[in-house]
Amino acid sequence: VNLDGILPPVATPFTSSGEIDLAALSDNAARLMRTGLRGLVVLGSNGEAPFVDRDELARVTSTARGAVPADRLLIVGTGAPSTRQTLLATRAAAAEGADAVLVLTPSVFRSQMTADALVPHYRAIADDSPVPVLLYNFPAATGVTLPVGAVEQLSAHPNIVGVKESSGDVAVVADLVSRTPEKFSVVVGAAASLYASLVLGADGGVVAVANVIPELCVRLHTLVRAGNHGDALALQRAITPLARAVTTDYGVAGLKAAMDIAGYRGGVPRMPLRPASDDVRKKIAALYESVMTAA
Amino acid sequence: VNLDGILPPVATPFTSSGEIDLAALSDNAARLMRTGLRGLVVLGSNGEAPFVDRDELARVTSTARGAVPADRLLIVGTGAPSTRQTLLATRAAAAEGADAVLVLTPSVFRSQMTADALVPHYRAIADDSPVPVLLYNFPAATGVTLPVGAVEQLSAHPNIVGVKESSGDVAVVADLVSRTPEKFSVVVGAAASLYASLVLGADGGVVAVANVIPELCVRLHTLVRAGNHGDALALQRAITPLARAVTTDYGVAGLKAAMDIAGYRGGVPRMPLRPASDDVRKKIAALYESVMTAA
Amino acid sequence: VNLDGILPPVATPFTSSGEIDLAALSDNAARLMRTGLRGLVVLGSNGEAPFVDRDELARVTSTARGAVPADRLLIVGTGAPSTRQTLLATRAAAAEGADAVLVLTPSVFRSQMTADALVPHYRAIADDSPVPVLLYNFPAATGVTLPVGAVEQLSAHPNIVGVKESSGDVAVVADLVSRTPEKFSVVVGAAASLYASLVLGADGGVVAVANVIPELCVRLHTLVRAGNHGDALALQRAITPLARAVTTDYGVAGLKAAMDIAGYRGGVPRMPLRPASDDVRKKIAALYESVMTAA
Amino acid sequence: VNLDGILPPVATPFTSSGEIDLAALSDNAARLMRTGLRGLVVLGSNGEAPFVDRDELARVTSTARGAVPADRLLIVGTGAPSTRQTLLATRAAAAEGADAVLVLTPSVFRSQMTADALVPHYRAIADDSPVPVLLYNFPAATGVTLPVGAVEQLSAHPNIVGVKESSGDVAVVADLVSRTPEKFSVVVGAAASLYASLVLGADGGVVAVANVIPELCVRLHTLVRAGNHGDALALQRAITPLARAVTTDYGVAGLKAAMDIAGYRGGVPRMPLRPASDDVRKKIAALYESVMTAA
């Protein structure tokens, strides 16, 4: 699985009655695929995955597959509270055409989610999964940390092909790169650290802001690969404020508002999440204008 | 809903192949109902609720109903990541005979789970639920706090009848008692604070250790109601070490091991949780002996 | 050292030029000693101890001693970052007439402040101190926890005579009472848990709000000792909102504002702390009126 | 103040009786000054500053000044709990020849250490200080965060010339660089992020491991300035494990043990810190061998 590039963790649109809006998803996916993105990730954290039931996951995967050409990647988030639920979701995603699955660390009984529990969990999934597995560490969201040593151990499994690291700590990214095999992919989930992570050896990025400004995220990746550090750093600085607004600052509701502003079909999240307020929409619109002007 | 008493949040037994063991559940429930417990809570945190799918929830509820007489309470945990999933689980529980539902605060996007999101979430559920709703605050597990002010506000809803408070902070318990109507129930989820909470006005307790030593937990409640503070405090001190072992110290695996030791059918949790080690089983057995001797 | 009662951790008044106002301190102490308080604690956290240099500590102690009769207790906070500094402060306090010293856990390199470091620290101080030593655990302020097991171990030292527990967790208070010798004192530092702690076996309380409403705090203690639980609990509820305002909510500045309102000499804290705003003063005045009316 | 380079936050050696060992300090300083280091920082966190009294600070400063040539920098840590104490320490450091002072955020009443308190604190110090002031943000140690916005505001003060950022978050470093004037220095305190921070625009580093392997730290800085990213990144990876061992993993005791191993005079920290165990010394020796071989 070649992850050298940028993939957006796509938002899941809903109809006004709260059903999944497959038409809007298909539109967004098709438009994103007209840029230089490496592929799509559906049902990551930004896709409100925990709010989406297993039968809905199958429909989302199948719809996305229809929009992602065979030479790009369709990755599906299938992490669930238990190993058993994760296995079932993984099989469903593979059956509908996923190229790989992205498995967030389980976090329900988080004080017990040490390497002793996480390593057997990931092995059980990788043994069973019909498609390659990507590990996913996002401590700020889950309260659980997948230690670098555990990733090192798991990277020896033939069906575990990479890790998405969203801690934002570039020293961890550097550690992961140096302690895993060459062919094992390290992608970063924190857009504010994208430039630094790529410089430190990450393959690519799965960053929420790539739902809004995919071309600029791709350009940043291209600049780093070309060794153009000055322009890459300037672009990183231009992107960071919007990247933060659609994640840390305003969450999924902010991301969806930003997509509306950029001409994608965002809409509102499922409850208990609240829609972005008018005030937040204005702030995001200003940040979007600002990055489009600067870049 | 009269919650003046003790209810165990019952563990969910599984067969060796990982299916729900309804026979074991039924046995445990029947035996528990031969004590002075006020009723049962199924699919709380200790019931590994997030690992249990909605169709399984229906079977667990129906089985438990078969064992709980009409004059005792069957409460079902139905909290889920989204409002929509919680509504569906609540309807399923009510259809299978639940007397009330216990709804843990959602916690997926926890930084956004403020009162602004939680109050409309609970209102939507209470408006729709065929049975009374109990709020459930457990910050150590969820990373989310349901503020006392939000409980006060929600206590005005005719279908919201109480709160389970598991922060362990008795000042919060005292606040809840004084800021909600007389008929609104406050039950405590932290066994180590059970005596203090009852003295401060809590109605009862939903405590994991009541799966193991139900008679002693009931006796503690009875002693407080009788004004026998000295004996109640001594019993609290005897119970606390085991209560901690089956929650904070060793989690659900420890609770299930303690149930095995006490003659109930515990078994092992679903993965990614690990079974209790032999060493932990020995420690728990010693604590069990100790409390049975002391009391 | 008999700690059966209430002691205020007295605020340290400053002149407008930022020097210690010994006259104001003396006035406050004399007035407090006309109530039923068991004594005074100077240079606790609420006394801005870390802002007060060692030569100032000597003057504060000597001034307070002048106001505290021989049959009441003068306790001086002498905890400092290093063991050496704590020893020097302890000797200074003893030389000026302290009956005992209160030693907050050191917290500078807090990740290393485990029992392995804390136990030898306290032993070194107790071995050297001319007066009895009280341990002091206040995790919310220091980020360091003195484990119950360490207190148990230290309670065997002939010159360590008690502990002030300010975690607010009454289960910890109960543990401390049951795991230390009868003559070892347990006092509680969290006013919101005062009633519950006394019921669970604590000797007394060292609570900030006793700088403002000493008579009511003493009455609460007396009611519990008389077995009058109903009135005690009602009084606890009346006191709690003001108690929180002068600690958690508005800190030392809030405490000093409340003292001004109650006719004591509070004034403003040393920088970098800010004085209470007018808005905060109004809120505190309302809470003070409310508790004086209710009680 | 030109901070383009590497400065070690030097450890403070003590004699066996716990006094400051000025001879050892002088030896270390002289030897460090024979490398390409930009200067020295005395009495930073790694210098056990909170354990060092004001009269000792004067002697440490004066001794270090004797070893640091006029064309290198001597920076003294003077942050103290109160503004007043910080002013006194700052004047003492300036009187003994400090080129600048490094002022850690106060942290005693940490919940109140917001920008509203920190900005006036730093202004008061900068107004009074005879020498330039560097801000210092180290959230993991203090529990307090100096927000980027506050640094931006303070960077307009003529006597505030830079910031040491030790959060380890390179996105914050990048923000600081882009939101402060060109002549305002940004130095990084987290060695694991040194390479990434320099790439993102930091001037230099004040990193504990530069007490042990100063030449390698200087070489890393030189490689980045020369645009040799490949070698710089490889060197960063070689340095990181030792850098972590002497900070996060084993603290000041570990740093002093590493100095002993490298031929400097480390010794043991003041109590309550514990000396490094033999086991830790062996681990550190192995890491030191490893980085010396690799580099």
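Assorted remarks:
Read from first to last, the chains carry the letters A, B, C and D; within each, the first residue is number 1.
What we mean here is this: contacts are C-beta pairs under 8 Å (C-beta built on N, C-alpha and C of every residue); 3 or more make two chains touch, one makes a residue touch a chain.
For clarity, every value in this text was computed on a predicted model and none was experimentally measured.
The set of chains in contact with chain A as well as chain D is empty. Chain B and chain C have Cα centroids separated by 37 Å.
Separation between the centroids of chain B and chain D, computed from CA atoms only, is 50 Å. Chain C has no residue in contact with two or more other chains. If you draw each protein chain as a dot and join the dots that touch, you get one closed loop, with every dot joined to exactly two others. Interface note: chains touch in the pairs A-B, A-D, B-C, C-D. The touching residues of chain C, when paired with chain D in their complex, are 18, 48, 50-51, 53, 81-85, 106, 108-113, 116-118, 120-121, 124, 141, 143, 251-253, 270-274. Chain contact summary for the complex, chain D toward chain A: residues 168-171, 174-175, 178, 190, 192-193, 195-196, 199-201, 229, 233, 236-237, 240.
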